[in-house]
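Each of the two complexes below includes chain A, the first together with chain B, the second together with chain C.
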Partner chain A sequence: MKVVGQGLPRVEILEKVTGQSVFGADVRLPGPILFGKILGSPHAHARIRSIDTSKAERLPGVKAVVTAQDLPPVRFGRFVRDEEYFARTKVRLVGDRIAAVAALDEETAEEALRLIKVDYEVLPQVTDALEAMRQGAPLIHEEYDQYHAISMMEGRKGNICYHKETVQGDIARGFQEADRIFEHRFYAPMVHQTYIEPHAVLARVDAAGKVTVWVPTQAQFFIRQSVAEIFQLPLIKVRVIPTEIGGGFGGKMLPTVEPAAVALARKSGMAVQIVMSRAEDFQVANPRHPCHMRYKTGVKLDGTIVAREVEVALGTGAYCGIGAVTSQRAEMLAAGPYRIPNVKIDVYCVYTNHANCGPYRAPAGPQLAFASESQIDIIARELDLDPVEIRLKNAIQEGDQTPACGGPLESVHAKETLLKAAEAAGWGAKPREKNRGRGIALGYWLVGGYASSAGVKLNEDGTVTVMTGVVDLSGTVTSLGQIVAEVLGIELDDVHVRTADSDFAPHSTISAGSQALRSMGTATKMAAEEVKKQIMELAADKLEAETSDLVVEGKRIYVRGSIEKGLSLGQVAQLSLMHERGPIVSIQSSSHFPNQPAFSAHVTDVEVDPETGGVKILRYVAAQDVGTAINPLSVTGQIQGSVMQGLGQALSEACVFANGKMRNPTFLDYKIFSSLDAPRVEVHLVEQAAGDGPFGAKGIGEPSIIPVPAAVANAVRDAVGVTIFDLPLSAERVRMAMREKITQR
Partner chain B sequence: MAEMKKRLRVTINGERYEKEVSPATSLLDFLRTDLNLTGTKEGCGEGECGACSVILDGRLVDSCLILAVEADGQEIQTIEGVGRHGRLHPLQKAFAEKGAAQCGYCTPGMIMAAKYLLDHNPSPTPEQALEAIAGNLCRCTGYGSIVDAILSAAKER
Partner chain C sequence: MRSFDYFAPQSLGDATSLLRRYGSKSRLLAGGTDLLLRLERRLTEPSVVIDLKKIRALSGIKASGKGLRIGAVTLMEEIASSPLAQGRYGIIAKGAAAVGSIQTQNRATLGGNLCNASPAADTAPPLIALSARARIASSRRDREVPLEEFFLGPGKTCLQPNELLKEIFIPAPAGRSGGSFQRCTRTAMDIALVNCAVFLSLAPKRETIADIRIALGAVAPTPLRARPAEDVLRGKNPDKGAVEEAADRAAAGASPIDDIRSSASYRRDMVRILTRRAIEEALKEALGSRQQKKWQR
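Entry: the complex of A and B
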């Protein structure tokens, strides 16, 4: 392969390094743009007695004030319709939307918010999933059983938004067969994606009532659907134009500020921009689910796992959001990438008075792997087994099924990935210095893929344009260009590929779930192949040769063996316009993809400061099963960034709340890794072309964050002999554990 | 609302500007809203993320923390003035080649911080490069490729 497999710079990179890229808050239009602001509830749980906006409306400079009265009475939600965009009768989280204003300048908009008077009856709140499940806990949705839900929403009761039991084998018999049984409880708190670009939107409504929304989103068709649903508009009346997106990590898929901007634009007749402050973004923009986990594992003395029982309680926040998907992910991942004959998994998705948690890079993945992989290490230590050995002994193999995975798994490279990481890190020769330790963890993710369609067209000069609506987060669009160039025997520079908007792009999957390249790449490759076929047919006709004798190479098509007898792609394109065939173009679709596993194994060396408990990452090795790396520069960069995000979750990040209000909504107090904290992440790719992805590529983005907290926790245990059951492994927590030597709970 | 506007004279990327601004306007808002120079980004508005980094009279500053009027009479360099006239600065070239920009949102600020470093220290060590971007948060790359780009650009110059 000539273009696939090359670490080429991203196609949009020059716009980015020169500051020309247009992100969410950078959109400018002719005419004035109003500043929009959203009024959020100061209470985590309260009944609304009345809302008075009259003073705000009279403030000079205010052009529109909107509340629930300005929207159709629609409850929305992808799984259960439990959310109203503006609260009508009740607020369920700090920041629940009450009203929005648009004004000529920001200060006036802020002043108008202060003039809106809301009379609340404050209700008892519940912010923890386990407490919310108890008898007598305050009910967050009193009419929950009357809400419309899709059929997968099982086990709805009280504050339990969803509950499902997944069983494999016979769990009671499994524990009877076990020589040793281990049981531990773990907790992972809420953490935030903290893309550097806060949520932002610009909305305009034209004279015919058509809504246009410029927004940095990972899922333009989701946003179009949501806006259409909330405003009860046909889809052709909503146009979503995705801007460059300054990081998403799952956090920019569900509607946040978009409907408010649309409501204000409709009411004022002017363009309205809303940009969240960092504090607002922290408080309300769909963070990672906090997660209680109980793991009970039965093993034989040789380390064979015979039974595993897992209970997971996810705090999904005030609304279900994407909690049902996170729960399903938890069902699939809870037992770990291991062959276990007897498994029982209970996942509870529970309403709390917090922000509705959303998708964040491998939803549920790092939390469950932290618990599961910490416990595997505890077991290895108790049975005097090597951590690599016990994992190799139990790792899943080709054709195995894990609970809820949907069928025999193909392209299973758990062992290769584990061995690659161990070898690269020099596993046998561990650091022996005092307070230093090494940890390993294995993670996996099941990558599916929604339907996608893409178009490829041959331009009159032989260059090629790709039509796709997939949003570029991590180099997907560049990889699509490489796929097309490879199929057509041209260079990436001969291909134009950028994201088109919802009016003009064929339906595209989301840039999330590690699926963009698998799904969109497949559709794009099919379209390129069809274009190639059309080129061949036309050329065969003109060159009086069989298509099987033609070669496409170097922007030319010629008869094999006589290179001078040929046509340039430009000539073919010109001929197609005069030929009865017409322009050469193809739009192809790919359908749903079955779950495909992708593995990541990480080894890290740490040093613990015995005085402070501070953990320093000395070395970080990440091996990942990537199938074929279409663009190794993108793949490696994505893994490095993902590890760094995981290190924050492992060591320093947690959303801290008091009465439902986040107490640390700044980068000073919510500590993500800076360049001074960052180790150099050594990436090792396990490349074995896999099943149905384009050129054998697998999903990349999520597997790489899953083992991080576990690998760090295991290294800390190795260094100082303490097991930490709660994330993050902050200096304070490690120091306390060292002092008390808590090793069991 | 009816506050007294102040007259501001600044030189930005070699161009002279004379504008009336509100005394409460930050330098960042002045650049982005009054002048439409949207290359400089806002990530937090509190001087914690570095996305709004610009060079003000030879100092690297968070433009969200500076009032526009404080910049009166001074020279400002923003990302729009780096590698002008269609010619890329070695840092821009290196950021592109090394994969040092992914989403690209921190990139303008990151390049200004890196440029400030190279303006003062033409051949930095990896540690000095890490130190130079310590005030600029990136959530995509893990920083390694950014350091590679800075060192590569230093060699190029």
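Entry: the complex of A and C
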């Protein structure tokens, strides 16, 4: 292959590094733009007695004030219709939307918010999933049983918005067969995606009532659907124009500021921009689910796992959001990438008076792997087995099934990935300096795929344009260009590929779930192949040759063996316009993508300061089963970024709340890893072309974050002999665990 | 943010006259890394902002036999990288290098960091340990106070509404001296959970500590001088036990709080650990220079 497999720079990189790219807050239109602001509830749980906006409406400079009265009485939600965009009778989280204002400037809009008077009857709140499940806990949705829910939403009762039991084998017998049984509880707190660009939107409604929304989103067709649903509009009346996006990590798929901007634009007749502050974004914009986990595992003395029982309680926040997807992911991942004959998994997704949780890079993945892989390490220590050996002994193999995975798994490379990481890190020959340790963790993710379509057209000079609606988060469109160039025997420079908007792009999948390239790449490759077929048919006609004798290569098509007997692609394109067949273009669709496993194995060396508890990452090795790396530069970069994000979750990140209000909604006190903390991340690719996916490519973005907290926790245990059951492994927590260990002696 | 009148005087005299006129209605602007945030969050709503950055006399680092003078609007980056501020005065360079990000260090000033009077300010403990004095100007008279008396509480200094901080003066240390600046944070770029500076000098030709000053940050309403800890070591040739005792006393004298960044008890533990490490490092530096001299002879 010539273009696929090359580490080429991203197609939009010059615009980005020169500052020309237009992000959400950069959009400007001819004519004035109003600034919009949203009024959020100060209470985590309260009944609304009244809302008085009259003073705000009278403030000079205010052009529109909207509340629930300005929207159709619609409840929305992809799984349970439990959310109203503006609260009518009740607020369920701090920041629940009450009203929005649009004014000539930001100051006036803020002033107007202060003039809106809301009378609340404050209710008892519940912010922890386990407490919310208890009898007598405050009920967050009194009318939950009247909500419309799709059929997969099992077990809805009270604050539990989803519960499912997944069973494989006979769990009781499994524990009877076990020589040793281990049981531990773990907790992973809420963490935030902390994309560099907060949520932002510009909305305009034209004279005919057509809504246009400019927004940095991972899912333009979701946003179109949501806006249409909330305003009860046909889809052709809503146009979503995705801007460049300053990171998403799952956090930019569900509606946040968009409907408010649309409502304000409709009422004022002017364009309205809303840009969230970082504090607002932290408080309300769908962070990662906090997760309680109980793991009970039965093993034979040789390390064979015979039974595993897992209970997971996810605090989903005030509304279900994608809690159902996170729950299903938890079912698939809870037991780990291991062959276990007897498994029982209970996943509870629970309403709380917290920020509404959403998708975040591998929903449920890092939390469950932290618990599961920590416990595997504890078991290895107790049984005096090597951590790599115990994982190799139990790892799934080709054709195995894990609970809820949907069928026998193909392209299973758990062992190869483990071995690659162990070998690269020099496992076994580890240095035994005091307070230093090494940890390994294995993660896996099941990558599916969603309905996708893409177009490819041959231009009159032989260049090629790709028509896609998939948003570029991590190099996807560059990789699509490489796929097309490979199929058509041209260079990436001969391909134009950018994201079109919802009015003009064929339906495209979301840029999430590690499946954008698998889904879109498949459709795009099919379209490129169809274009190639059309080129060959026309050329065969002109060159009076069989299509089977033709070669497409180097921007030309020629008869095999006689390179001078041929046409340039430009000539073919021009001929097509005169020819009875017409322009060469194709739009193709794909939709069936069985779950495909992708593995990541990480090894890290740490040093623990025995007095402060501070953990320093000395070395980080990440091996990943990537199938074919379409663009190794993008793949490597994405894995490195993922590790950095995971290290923050391992060591320093947590959203901290008091009465439902976030206490650390700034980067001063929400501590992400910065470049000063960053270790060099050594990336090793396990490249074995997958059975499906374009050129055998696998999903990259999520598998790479899953093992990170577990690898760090295991390294800390190796260094100083303590197990920490709650993330993050802050210096204070590590120190406390070390002192407890000393006093226990 | 409320609107305000903005002045950018060119001379110290113009600045102090403006201050005399507007006093408590005004706020002084240097790098703006603290003030702008406070303005944006409406924590302060002055009608006048007086920008001091155009006053050349307030900027720069000058060394003489008497000591080191650092102008109030000197950038953190200048202090961190100045050869004059390194060496004997090295702990102030380390303190400046710990403030915020690289970007912040290219904007924030020493005077701003001190006048903001955060208990966690990273430049305060090193300067207090170095016996620094604050030189204060007003249209009436200039005055000088030891820096440890400059701070009155979080966000509060001894400056009157008509006064401004002109410069910091650090007296030249006695012959054989050593210092250390230690801090404890959550990630590499962070406000200090605890910081600690130690500066000590040795008696001539001996290993006895002639004088020592220990200053702590983020564990009291103001940067704190740990005098009881100093007393343990002054005049002594300290052994491990004495250093531990001094560290214990420093911890006992601290009054840290519980907050989102850390628990009070962790902070107190860190005072003990950082103080011990700082004393040890400072001693090593002071003794090291002697050994070096011996060797040169």
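In this text, the second predicted complex is superposed on the first by the 741 of 745 C-alpha atoms of A that agree within 3 Å, B and C clash if a C-alpha of one lies under 4 Å from a C-alpha of the other, contacts with A are read in each partner's own complex, and residues count from 1 in each chain.
Operating definition for what follows: contacts are C-beta pairs under 8 Å (C-beta built on N, C-alpha and C of every residue); 3 or more make two chains touch, one makes a residue touch a chain.
From a predicted model like this one, the values you see are computed outputs, not experimental measurements.
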Which of chain B and chain C A:107 touches, first, second, both or neither: both
Touched partner set for A:309, first chain B, second chain C, both or neither: neither
Partner chain in contact with A:668 - chain B first, chain C second, else both or neither: both
Partner chain(s) touched by A:14 [first = chain B, second = chain C, both, neither]: first
Which of chain B and chain C A:258 touches, first, second, both or neither: neither
Touched partner set for A:128, first chain B, second chain C, both or neither: neither
First, second, both or neither for A:731, with chain B first and chain C second: second
First (chain B), second (chain C), both or neither touched by A:676: both
Which of chain B and chain C A:652 touches, first, second, both or neither: second
Chain C versus chain B, contacts on chain A by residue: B
Intersection of chain A interface sets (partners chain B, chain C): 107, 668, 672, 674, 676
For the chain A and chain B complex, residues of the former touching the latter: 7, 9-10, 12-23, 25-26, 28, 60-61, 105, 107-108, 193-198, 244-249, 275, 277-278, 473-475, 633-634, 636-638, 640-641, 643-645, 666-668, 672, 674-676, 678, 680-681
Residue ranges of chain B in contact with chain A within the complex: 1, 24, 32, 36, 38-46, 48-49, 51, 78-80, 82-83, 88, 91-92, 95-97, 99, 101-108, 111, 130-131, 133-147
Contacting residues of chain C [partner chain A, same complex]: 1, 184, 186-191, 260-263, 266, 269-270, 273
Interfacial residue positions of chain A with respect to chain C in the complex: 107, 611-612, 614, 651-652, 656, 663-664, 668-669, 671-674, 676-677, 730-732, 735
